[in-house]
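Below: a set of structures, written as structure tokens.
Look for subunit A in each of the two complexes below; its partner is subunit B in the first and subunit C in the second.
And then the complex of A and B:
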């Protein structure tokens, strides 16, 4: 149990207008998990629970083997947390923040920090208040990465960034991933970024985990099947179809359990089987789950 | 006390250094003004009070409320510390900031009373009570800011404590044990003085320690 970098079991958190319910997820060392959900799905709440910033009403949270929130101070020694919302202390410079982190974390890597300052085109003498959004995200990422943490928890780090800044941030994260003992939990509603760097995906919607699993398996299992029926012909009842759209004789099916057997069952009128990208899978998955739950 | 708490206390002193220096300088300048005559005394006393109140309010607003409002609290809470560590560092750090300014301003006020011959030494007990009241008042502001989850509630605490200064001055000064000796040549430390001092100390201690028991145990800090 303690080998896992993150372990959440049956976590519940009630707010006045929102409930995070029965959230369970696991992150193994060296794993990169994309935590995907629409706005207001509960991504930030889940990550804040992991960081001990809020306390669950029920359930168990362990991060790096430490019980959260009780042992959060010890756990956070090895966690780098970056959030799009997070801001540095407005009256201090980036250089002061770097020195502050160096004084707290013995593992602080000064030369790596200097490299990141150059790579991100940041100025240590600049006051945090005058940093742009992109600079702020890069600065907080620098402060998190130069500590060489075992676990990175990133809450929508690329939200609001321009394409160039997003590319810089993602490239740096890809570099981090070369060290296989480190793990990353990366929340986003931008599925392109998640698809690029993650090896595991967890979907969350309306406070509940919808599905969690290996990214490649998601991409393999979810397919769009196009069928063109001749006049008078009917399509047999097929299993594992999450969506069906008909336009005259043209039928489009979405399945979450694709196999050659399913294609054969669909019969000879299948014209095309398409792979879906993560965004399409995410939308289809969320819509299907909402329908199943009657929401 | 762990290293993160110590560093956060030092951080409060660093980021609030201009408020503290400005407040202390204003306090001293006000006292110098108060030494220039009757008119100067009245104006100086007023600006002295304003300097102390404003520094306390600034520390409450910028040190606690704005940290939350501007999302810098997330950065601080991502450091290796517990909620209790954060509250401890905040209380000690901001109290230290205010104490620097308060000691300079209060010391200057008492020096003026004892040094300036035209100001009767009998006013010293009232000056001590006023200085301690300002410290207790700040602690209430700090305690309120740490506990308040909203800007409106923090503002309400600030308004009430500001009103408290006027209420204190007009309530304590006419007390028989204070007023009778206020303009005398020597200070008289009456039982009334000690009673008021005791009340102020009680408020000070409660306001200072309450966050360690309540805010430090809060389940949600964001």
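And then the complex of A and C:
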């Protein structure tokens, strides 16, 4: 049986000013999931629930087949978790941290760690305190990667990195996926990274999952349709339109279920059908969902 | 918008290109095959190796390979990998079949006209000479 690496079903967590609710998602082995949402949408809370750092008020969470938070200790042996909030001990060197990880985790891969030190341009003798933001992020990633966990859960792994460092990190993540028994879930609001390397995408907004699914299907389904109506003509009523803007004879439609059938329905006045990038899809999706939820 | 360019056998993916990434990959693979750089039978990089090499999701490469397979450009043998299809071999076979069909028809018409074998062969040689003159 092909066990899912992450399974969340109807998860709810109440805070005083924020509620995460009806969170369901699945991550298969061998896949990268991009977890996208605006600030304060509940991305970090969801990741912390997966890690058993907070307990859900309702719903089920299974990670690597283990029930969370009950069996979190077993699950965590095979999970690498990195978040921007993590701080290395300021007065210890990167080398000390690597040695520390080696002593705890029998799977620690010393030669891979050495390779990563080179690829990330890090210096093991350097104190954590004097690392730049980018170096700090790369150091925490190195400590997680070199354990060779089956599942990597990364909270905003590329935020604050310069383009070169981001490229280095993304290459390393893609390298992990050469092994189809491993998987990655990473949260980000950099939709360019997500669009490029994710197999599945989950959108979250205001504590709810907006949509979760196959990236290629997302990019295929969402389209912008431009129509120019001749005087007197009207556009027929069309299904699956999430946004409609009219400016005189010019109408722009956004659909989340594009098909040739829809284009034919729209009639002969369609001037252009455009694909949308993930950022445009994300914004349109979030706005549409807020409208339909009456917020 | 920042754009990451990666390299794998010179294949480039541009995120500012309006075409989807899987189409960009398909086009560049087709070009390599058409130019003869990737000859028939050549094994393509595995889906995961190409994904890692291009820093593009596995699902995108899968989609490109699947569509190339549907087009008959590559052949995927389960558990063995993907290979450049032997298009010339296939085309050659088709031409052989076509020739056999036409020759059969010519023989049939020749019989109806009461031509002898030598007369029919002479007509074929004449047709060949006409073709040479034209080209």
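By definition in this document, the second predicted complex is superposed on the first by the 293 of 295 C-alpha atoms of A that agree within 3 Å, B and C clash if a C-alpha of one lies under 4 Å from a C-alpha of the other, contacts with A are read in each partner's own complex, and residues count from 1 in each chain.
One rule holds in what follows: a residue touches a chain if its C-beta (ideal position, glycine included) is under 8 Å from a C-beta of that chain, and two chains touch if they have at least 3 such contacts.
Source: prediction; values computed, not measured.
Participant: Putting subunit B and subunit C on the same copy of subunit A, do they fit or clash?
Facilitator: Once subunit A is superposed (C-alpha atoms), there is room for both subunit B and subunit C without a clash.
Participant: First (subunit B), second (subunit C), both or neither: which does A:171 touch?
Facilitator: second
Participant: After the superposition on A, what does A:91 contact: first (subunit B), second (subunit C), both or neither?
Facilitator: In the superposed model, A:91 contacts subunit B only, not subunit C.
Participant: Examine A:31 and indicate which partner it touches, taking first as subunit B and second as subunit C; both and neither are also allowed.
Facilitator: A:31: touches subunit C, not subunit B.
Participant: If we overlay the two complexes on their shared chain A, which of subunit B and subunit C does A:196 touch? Say first, second, both or neither.
Facilitator: A:196 sits against subunit C, while subunit B stays out of touch.
Participant: If you stack the two complexes on chain A, which partner ends up touching A:72: first (subunit B), second (subunit C), both, or neither?
Facilitator: First partner only, subunit B.
Participant: So in the superposed three-chain picture, is A:103 touching just subunit B, just subunit C, both, or none of them (first/second/both/neither)?
Facilitator: first
Participant: Looking at A:51, would you say it contacts subunit B, subunit C, both, or neither? Reply first, second, both or neither.
Facilitator: After superposing on A, A:51 lies in contact with subunit B but is clear of subunit C.
Participant: Quick check for you: in the superposed arrangement, does A:207 touch first (subunit B), second (subunit C), both or neither?
Facilitator: neither
Participant: Once both complexes sit on top of each other, what is the least C-alpha distance from subunit B to subunit C, rounded to whole angstrom?
Facilitator: 26
Participant: Quick check on the output: what are the common subunit A residues between the subunit B footprint and the subunit C footprint?
Facilitator: In the superposed arrangement, which is not itself an observed complex, subunit A uses no residue for both subunit B and subunit C.
Participant: Could you pull out which subunit B residues touch subunit A in their complex?
Facilitator: 2-4, 7, 11, 14-15, 62, 66-67, 70-72, 74-83, 85, 219-222
Participant: Given the complex with subunit A, which residues does subunit C contribute to the contact?
Facilitator: Spelled out, the residues of subunit C in touch with subunit A are 1-4, 6, 13, 15, 18, 20-22, 48-49, 51-52, 55-60, 63.
Participant: So in the complex, the part of subunit A that touches subunit C is made up of which residues?
Facilitator: 30-32, 163, 166-167, 170-171, 174-175, 177-178, 180, 192, 195-200, 214-216, 219, 274-275, 277
Participant: Given the complex with subunit B, which residues does subunit A contribute to the contact?
Facilitator: Subunit A residues touching subunit B: 48, 51-55, 69, 72-77, 79, 81, 83, 85-92, 96, 100, 103-104, 140.
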